[in-house]
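I have placed the structure first, in the form of structure tokens, so that the comments after it can refer back to it.
Labels for the chains are A, B, C and D, by order of writing; each one numbers its residues from 1.
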Amino acid sequence: MKMVRVGLIGSGFMGRSHTFAFNTASSVFELPATPVLELLADVDDDTAAAAAKALGFSRSTGDWRALIDDPAVDLVDITAPNVLHKPIALAAIAAGKPVYCEKPLAANAAEAKEMADAADAAGVITAVGFNYLKNPMVTLAREIVASGEIGEVVSFRGIHAEDYMADPQSPYTWRMDPEGGHGVVADLGSHIISIARYVVGPIASVVGQIATVTTERPVAPGASETRRVEVDDQARALVRFEGGATGSIEASWIATGRKMTLAFDITGTKGTIAVDHERMNELQIYTTGQPAGREGFKTILAGPDHDSYAAFCPAPGHQLGFNDIKAIEVKALMTALAGGAPFRPDFREAWEIQRVVDAVVASARAERWVNIAET
Amino acid sequence: MKMVRVGLIGSGFMGRSHTFAFNTASSVFELPATPVLELLADVDDDTAAAAAKALGFSRSTGDWRALIDDPAVDLVDITAPNVLHKPIALAAIAAGKPVYCEKPLAANAAEAKEMADAADAAGVITAVGFNYLKNPMVTLAREIVASGEIGEVVSFRGIHAEDYMADPQSPYTWRMDPEGGHGVVADLGSHIISIARYVVGPIASVVGQIATVTTERPVAPGASETRRVEVDDQARALVRFEGGATGSIEASWIATGRKMTLAFDITGTKGTIAVDHERMNELQIYTTGQPAGREGFKTILAGPDHDSYAAFCPAPGHQLGFNDIKAIEVKALMTALAGGAPFRPDFREAWEIQRVVDAVVASARAERWVNIAET
Amino acid sequence: MKMVRVGLIGSGFMGRSHTFAFNTASSVFELPATPVLELLADVDDDTAAAAAKALGFSRSTGDWRALIDDPAVDLVDITAPNVLHKPIALAAIAAGKPVYCEKPLAANAAEAKEMADAADAAGVITAVGFNYLKNPMVTLAREIVASGEIGEVVSFRGIHAEDYMADPQSPYTWRMDPEGGHGVVADLGSHIISIARYVVGPIASVVGQIATVTTERPVAPGASETRRVEVDDQARALVRFEGGATGSIEASWIATGRKMTLAFDITGTKGTIAVDHERMNELQIYTTGQPAGREGFKTILAGPDHDSYAAFCPAPGHQLGFNDIKAIEVKALMTALAGGAPFRPDFREAWEIQRVVDAVVASARAERWVNIAET
Amino acid sequence: MKMVRVGLIGSGFMGRSHTFAFNTASSVFELPATPVLELLADVDDDTAAAAAKALGFSRSTGDWRALIDDPAVDLVDITAPNVLHKPIALAAIAAGKPVYCEKPLAANAAEAKEMADAADAAGVITAVGFNYLKNPMVTLAREIVASGEIGEVVSFRGIHAEDYMADPQSPYTWRMDPEGGHGVVADLGSHIISIARYVVGPIASVVGQIATVTTERPVAPGASETRRVEVDDQARALVRFEGGATGSIEASWIATGRKMTLAFDITGTKGTIAVDHERMNELQIYTTGQPAGREGFKTILAGPDHDSYAAFCPAPGHQLGFNDIKAIEVKALMTALAGGAPFRPDFREAWEIQRVVDAVVASARAERWVNIAET
């Protein structure tokens, strides 16, 4: 069996999450290629060494460039702050190594395109961590739409709302660095856009609205010094899909009380489906043609008849968790690296997603509809 | 006790609903003025006579003008097709009689303004049947927002989706008559707009999107002859409130599977509330400041501590129904007619709602943001 | 059309509820017989006069015996405290008048049997107000079970839990008078028993458990003087149905937080249904034979395809309320009085329900299984 | 750091689940002792070798006795069929090795006591896999009850219902072997009993009811030959807790449509909590003392403020899965093995649980209340 020696850059929330996913995927799935926790890079040697020990990586470095050049690294895995995605990814591509990068891929569509073009030119495999696309209930949604079970899609209503920045005293973080891109429209909005594209199809145009409700935040927890927030903490858009459907998307990181409302309704001419990640093991479906007096939305619980679930548990209704979804992502990546089905979303797709993000912002600023083709 | 002799014009779904409401309000509430089912008008004498008998009206007429002129009619109640609202209402106003009219008030804002101006000039009391504003859970939402319990509102996300026209074989009706105004944005969209204004406040501008998915419908059930549908069956808009909040509204009568999804989420800086009329006796609320590990949305069930509920039932959780809400509307109207608190929404408010409806359509057609002040 | 002149005894919660129901039924349904609010009796002349005025009865009396003897009273409607049900009903039966009585019918099965026997001997129509049996979703449950849609019933799990006595400071009321019968097992337990019998069938035996958690209550709101509570405030039983199914029933009026949890799950060999009256317009159903990966419980919303709903509203999902259900009960009663379908549950059925109530208590006291036939 | 070399016996559903849990626990938590996948035993050498390879164990054997005697095995982990629990566990105890055993521990309470006594005499650490006790929401329930947040518990209503044997054509398995103990009351009932004891406290007496609805099952999938089923597929009991509360428990593996309804309501004098494992990341809570008109059940989503969650994910609402709960169990076991907090439930507690299981069955057969002390 092929080994894939992983070089992980970054060891925060997503760095840990990737590590768990490598381990779980190895444990749960029969992978065509096995990830090995080879090398971990972080901001300095000590941080990296401590993280490597905690996460189980064999070696560590304070220099991500050294990681890329390391001949024992087969896969460059980027969970560093957004502003670093591009330089790291380009260096990895230049070194001919496949790249697994957290979302959003880049600060803007131009950068994402540069990265996708570089990857294509170099012929390296790329993967971007839009992990919710790997939720079996999202995959089921895609299958239902693709199969025509709900007819022709006429409406998509999507949102990704959380409240992790709802408290105005929550401090400024790198997620608010305008150098790294937009605010919540990039951070969370990209997730719902990725789903819209995955399940319904390409978006043709948008008209957006963005807002920055909390304009100053402490530089650190409890600090009296504040820093100006320039990126959006709320964003919305009306959208037109290339296939003719219309809809709306929304993102907020100040949605008081919402913890993981990555939710969408898709209405078709013959049915409707709905998913909400606060109950990520459920999909609601209504189809026409039910007997009179027996019509209703059905709640499907994730089970072994759905994608990847059986590997975790043979019994339906027993629930997958957030980390399990990431393990499914790793399975897909290992499959691609072993020469199997290509990984989706790759850099090219992430660029497409980023184009919509940029279009929402551009549209909001210009106060007009923007065609994605303009971006 | 004062008597209010009702002259009802129209005896369809809403005509029956009004009648039930007059009866239930008399039964349940101690009204300051008592509605009396005096006279019913419909398209011809026979139809009117049959309806009057079925609904319990003392007399009937095939001529709505006769109804208005009838000295025994104290209140003109309009449940006729939308296209007739204006001529009937203006005639009633000219006769100095108060008017109770179903929504949408008029085909467009200009007509609504003409009607509101006439009513103001004549000093007659007017009332428009945006009945869901009388749902105690909507009133509770308004009270919660007004009291500051959820802080400053930053987001409104509203929708009114049903599927009564989802079947392309559902025939063309007067609701699709462009003479009577717009499509679903007027029929259902006006409800969610009325709530947005009632709970959050005036809307400053919108950018809208409308669609006509089903473009031909049978002229009658089962007919092979079809008629072209020119009005929208889906509509959406991004909105800016005058108070600074932003949000979105949506309306659809082809939302497969949705029966009464008149639903909204309102996010504030200190909390969030949500209501969905498919469970119209519930309001969800989350507020900040809950103890760590105990945060969550609370489901409040309608009960005697909420507006008007106690008159129906002394026990909480026992549920009000659709018709009960209309009875609360009648109570408010009788109160106004007896010299008590003014009825809201009146023609003036209905005009304000209609302006938003028109702005959504205008914006959609022009593909640009539209200020309500432009309409 | 036949008139049914109603003599109502009692004007509390249920007296008002009956009055609303007479009015609403007349308004909403085409009744084969029309109820007329003729005469109201209460504890004394003044109370009765005030109630008659408030509720719209033509006349009043402080003497319920006078009401029974009144030639203008066609129907004796009993909403007085439980302890009075028997003497009033027997007097009405002796006068040859049909009786509409609130539940529970009597203090115990022996009294209920005496009342049922008297009614049968006299040939008078009787009706007992187990109103939730008239909820269209309960009727739907019965139809589903009867049609075999969920196969053979193997399990019934029912509960009626509320919290109106959860506060130990809630004062002693006539509901706790042991002369009037048992406690919550009679007050609320009888509802879930009535549903069990209605939907599944006769109960053969039970083993019960009763408890009195709050043993002293103030004699009045805020009073320091207390009175000993001798009746149960929690009750449970395992049950065996004559048809072979097994199950459990439960009742509590100290179920903190529960407002109207009259809920049941019925499992069959081919499906399961569930209803909870806190969402009384919904029925959940699961049936076997769904396609792999598409299995799930469906939520059916009450609509015009279900019993009686269409008369209230032509649109599904618009919700009936508690009072509407009582109006459906009145419709059934008027139908029976006009010579149509017999009313169910009558005194005979109420006796059967009471036998189960008594058996639960007897079983709990004796700490053994009790056959209903023993009671 | 201490190593714990695991000898796993059995490689079915639970064998895999344990393996995942060892791996995930090592990945996610900072464990005081690290599990090592040392040796796997199964019914024969080939099966064991294949399973060891698939699950990542270093070595394998077809003889579980060899595993116990193997000096490189520090922990004996039993996921073999129930009938083998006792001989394996006693052998492990005799060898002085700690034992981690799946539930139910034994065929009956006598055997469980023998096992617990042996373990105590030998002073070995034991652990039984009642994994749902490790769900952070169950731990939260225990904390809420223990803290008095809902006052004194007055009612427990619990159920574990699934439908994995609902199809009469589902074949006979070792779970139905009466040598291995009772049916669903042992298999699933033991889970809800374990929760009742964990959250509320010891059970004093029960009156039970058991049923075998499907009395014949194919000996293999699709086989025409059938085998008689002697164990229960439905079980219920009324219970009295030593602390004075009363309640009911129920178990079914033929509950059509239920996939993972391990659910309970606990009512106290000051509040109520509810958990259902089909939504295992949620706990519902109602407490008295909420402001008038604002009372309601709150839905708490699992998050980093709850037990063990933060190690998986720093963000609330992101959901743990079934396998994550098992990893929390492994953490607790490693903690105990490293000399930290004792593991609960151990064999002694599993005996207590088994006593209740046996009492339900004995009570059902004798048709009388049974004190747990009798078993």
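To be clear about the criterion, a contact is a pair of C-beta atoms (placed from the backbone, for glycine too) under 8 Å apart; a residue touches a chain by one contact, two chains touch by 3 or more.
The structure displayed is predicted, hence computed values, not measured ones.
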Repeated interface matching C-D, over half of the contact pairs identical, chosen among A-B, A-D or B-C: A-B
Chain pair with the higher count of C-beta pairs in contact (B-D, A-B): A-B
Chain A-chain D separation of Cα centroids, rounded to whole Å: 35
Rounded Å distance, chain B centre to chain D centre (Cα mean): 54
Averaged-CA centre spacing for the pair chain B and chain A, given as whole angstrom: 41
Residue list for chain A, restricted to those that touch at least two other chains: 258, 295, 297, 301, 303, 316
For the chain A and chain B complex, residues of the former touching the latter: 150-151, 154-155, 157, 159, 161, 166-168, 207-209, 211, 213, 234, 236-238, 240, 246-248, 250, 252, 254-258, 267-272, 286-288, 295, 297, 367-369
Contact set on chain C toward chain A in their complex: 140, 285, 292-301, 303, 305-306, 316
Chain B-touching residues of chain C, taken from the complex the two chains share: 13, 17, 19-20, 23-24, 26-28, 30, 54-56, 162, 164, 258-260, 277-281, 301, 303, 312-324
